Amino acid sequence: MKQWLHPGFWLTLLIVLALGLAPVFTRNAGLRETGFTILLAISMAVSLNIIMGYTGYVSFGHVVFYGLGGYTGMYLIDTWGAPLPLAVLGGGATSALLAFGLGKAILRLRGAYFALATIGVNEAVRTFVANFKPFGGPTGIELQFSVYKQYGGAADALWLTYYGVIAISVFAVIFSYYIKTSKFGLGLMSIREDEDAAEVMGVITPDAKTMAFVFSAFLPGMLGVLFFFKNGNVEPADAFRLGFSIESLVMIMLGGQGTLLGPVIGALGYQRLRGLLLTSDAMIGSLPLKDFQLVIAGLLMLVIILFIPAGLVGWLRQKFAFLRRILV
Amino acid sequence: MNAGMILTSLVDGLLIGVVYGIAAMGLNLIWGVMRVINLAHGALISLGMFGVYLLFSGLGLNPYLSLVLVALLGLLMGVLIYVIAIQRVINAPYLSTLLATFAINMIIIGLGTAAFTTTPRDIGFSLGNVELGPLTLQGTRLVAALVTLTVTAILYTFLYRTRTGKYIRAVSNNRAAAELMGIPSARILALSFGIGTMLAAIAGGLIATFFSFTILSGDLYQQKSFIIGVLGGLGNPLGALVGGLILGVLEGVLPLTMPNTWVPVIEFVLFIVILLVKPSGLLGGKK
Amino acid sequence: MSMLLQVQGVTKRFGGLQALTQVTFDLPKGQIFGLIGPNGAGKTTLFNTINGVYHPEEGRILFQGKDVTQMHPYHLAKMGMARTHQIVRPLNELTVRENVMVGACFGHENQSLGKAAKIADETLDFVKISGRSDQLAGSLNVAQKKRLEMARALAAHPRLLLLDEVLAGLNPSEIDGMIQMVLDIRAQGITIIMIEHLMKAVMNVSDRILVLDYGEQIAEGSPSEIANHPKVIEAYLGDPKLAEKLMEED
C-alpha cells in the first residue's frame, strides 16, 4: 500500500485534476473545450502507455479502439436510446472485447511485425465499418438533436461529457499507476525487457500481454463515445484516423514511455503547442505560421527521437538522481 | 458482363498492379536492408507525383523525361533523409526509426500542403488508347507498366551483377558480418535508402500520368505497398512485383463480384492473415 | 528413490540437423548432475527442451512424475523448474531487486510483491550482490550479471535448477566462490543440472555426469567412470585442450 504515498503519483494526479477542474470553477466554455481536447489526449496517451510503455508492444492501432467504442456507443444511443453512461461502458466493453480477440492472435507477432499488424487492423475495421449498414455505412451515425434534451439541452450535455472525460482521465492515471506498481505490471515490464527470459521465469506471457492490451483498449473505447456524443455524429474517417494513433505515440515519446507522468506531460505539451500554432497570427513569408503546424510538430518529434529518446521525464530521471524519487 | 470486360479489368489491374509493385519494391528494399519500416514512403510517392507534375506543366518537359529527373532527385533526397533522420537511430529500438520516418512524413506533408494546398491536380497528359483485340487499354498505363518492368530489370541487374549491388545484398543478409569483411555499411545503408526513395518517386511519377492526386494521395499507395510487401514477402524487393500483380488482379476482378467498397476490407484482412500465418510472404521461403 | 526428472528417448531436430538423438536419463532428488560435451554437442538444446523452450519430436520428459513434454517454459517455472542462461539476460531497465522479484513473483511460489521483495533481498544477500539492489541491472558487470541470473532463478525457490555455464568468463577466485555457491544451493535440497566446460569443477561437484557428443549420449556415470570412459576420451581428443583438462583430474 505504500506505493500510494509516492509523491510522483500525487504530482501526476494533481496536474490532471488541476487541468480538469479549472474550467469547471470558471464555467468558461472556451476553456472547457481546450480542457476536453487535452484530457482526451492525456487519457489516450496514458492508456496506450500500458501496452507500449509497460509491455513494449508498439501499437499504431490505438485509435481503432477509440473509433469502434465511439461507434458502438453512438449506435446504442441512436438505435436503442441508451443513456450516455451505459453507452460509454458499452463502448469500452466492445473495444476491450476486440482487444481480447485480437490480442491472442496478433500479440504473437514481435517488433515491427506487430506494429504493421495494428495498422492493418485499424484499416480493416475502418473499411469494414464504412460498409456496415447498422453503423450507417460511409456516412456514419448522426444523432437527433432531441437526444440532448434528456440531458437538459445541448449546453448541459457538453458539460456532462466534460465531467465524463475528467472522470476517465483521473481513472486512467490511478489505473495506470496501479498497474505499474502491481505484480502484473512487473510481469509486463519483464516482457518489455526480454520476453523469452520472462517466460523462463514463469510469466505467462500470452495471458499477460492480452490483459495489458485489453486494459489499454478499454479507456479509448469509452473516450470515443464521449467525443462523438459531444460531436453529434461519427464517420469512419474521423473515428479511425491513423494520425490520431500516431499523435498518441508522439505524446508518449515526448514525455517518456513507461513512466506515469510522461504521457500526461507529453499530451499536455503537444496539445498546448498545437493550440498555440493553430491560433498564432505570425507569418512565414507570405504564409501564416499555422499552415506550418504539421511541419513544426514533425521537426519537434524528429529532434526528440534523435536526441532525447527517453522523453522529458525519462531524461530528467536519468540526469538527476534525486528526481527518481519524485517522478514516476 | 462479357468476357471482354472481364479481360479488360484483369489486364488493367495487372498494369496498375505492376506500378504498385514498384512502390512496394522501394519499401521492401529498405525493410530488407535495414529493418526500417519507412512511414515517409507515402509522402515520397506524393513528391514524385508533384515532381513530374511541376516539370511537365511548369517547364513543359515530357513526363517520361521528367521521370528521369525525379528519380535522380528521389535518390538524393533518400540519401539526405537517411543521413539526417535515420543514421543516428539505425541501431535503436525499431520504434525510433518508425517514428523518425513518420516525422519526415509530417514535415513533407506539412510543407507540401502549405505549398500546393490539397486541391486535386491532374497532369492532363494522354497517349490515347491502345486497341488489342477485345481489349482497350490506356496508353499511359501501358507505358507505365513497361517503365516499371524496365526499372525492375535494371534494379535486378544492379543487385545481382554489380559489386555495389552485392554489397547491398551482403549488408541485407548480415550487417555485422558484412562490416567485418570491410563493406562500408554506412554508405551502403544510405544508398539503399536512396534507392528505396527513388523507387517511391518513380511510382508516384508514373501514377500521376493517369490518376489525379493531392499531396495526401501517397498515403493510399503506402498502404497498398504494405499489403503488397506482405504478399510478396517483406524484405524481398522482387517479390514486391509479384505482390503488386496479385493486388492489381484483386483490384481488377473483385469489383466485378462485389461492391467496390468491400475490396479494401478484403485486402486488409488478407494482409493481417498473411502476417499472422506466413510473415515471410506468400513467396517467401524461410522466415 | 523418487525421480525428480525423467528424460526418455528425447530427439530434437532443426530442419535437417539432428540436435539431440534419443537422450535418456533419470535424475533423483538432491543430486548435482553434470552435463558435458564439446561445443555444439547439444547441451543447451537439451536444457531448452527440458524447460519447454523447444518441444522434442520424439520422446517424453517427466517432471515430478508428470508428463511435461509439450508444456511451455512458464508452466515449468511454476512447477518448480528454474534456469540460468549461458549468455546472461538481465532485464536491463529494471533494478537488480526487481529482476529477482520477477523470479519470486512468477516462478514456483507465485509470491506477492511484498513477500517477493523480501525474498529478493535474501537471495541477493546469498549471491553477494545485495549492495547493488537499487542499481539498474544493465549497469552490472559480467560477473555480477551472472550472480543476478543465479539470484533470479533461486528466488523462485525451485525444485530443479538448470545452470548453463555459470563459471564461464569468471576469474579463478570468482569461480571458487561460484562453486561454493552451487554446493550451498544443493545443501538447501535443490536438485541441479549443470552444463560446464571446466572439467575440474564438474568432476568435483557432480554426483553423476552425462556426456553428449553431436547430440548423442555417449556416456553416463559417476565422475570417475566418465574420466576413464574410452568413448569420452575419444570424443575429447578431437578437442585437445579439453582432453588435457580431463587428464588433469588424475
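Letters A, B and C mark the chains in the order given here, with residues in each chain numbered from 1 onward.
As a convention for this text, a residue touches a chain if its C-beta (ideal position, glycine included) is under 8 Å from a C-beta of that chain, and two chains touch if they have at least 3 such contacts.
No experiment lies behind these values; they were computed from the predicted model shown.
If each chain is reduced to the average of its C-alpha atoms, the one that sits nearest the average of all protein C-alpha atoms is A.
Distance from the centre of chain A peaks at C, each centre being the average of the chain's Cα atoms.
Spacing of chain A relative to chain B, judged by their CA centroids, is 32 angstrom.
The distance from the centre of chain B to the centre of chain C, each centre being the mean of the chain's C-alpha atoms, comes to 50 Å.
Separation between the centroids of chain A and chain C, computed from CA atoms only, is 44 Å. Every residue of chain A that touches chain B in the complex is listed here, in rising order: 58, 60, 105-106, 108-109, 111-113, 115-117, 119-121, 123-124, 127-128, 130-131, 138, 246, 249-250, 253, 287, 291-299, 301-302, 305-306, 309. Residues 51, 53, 72-74, 77-78, 82-83, 85, 89-94, 98, 101-103, 105-108, 110, 112-113, 116, 152-153, 156 of chain C touch chain A in their complex. Residue ranges on chain A touching chain C, taken from their complex, read 182-183, 186-187, 189-190, 192-194, 196-205, 258.
Interface residues of chain B facing chain A in the complex, by the touch rule stated above, are 35, 37, 85, 88-89, 92, 94-96, 98-100, 102-107, 109-111, 113-114, 223, 226, 230, 259, 261-262, 264-265, 268-269, 271-272, 275-276, 279.
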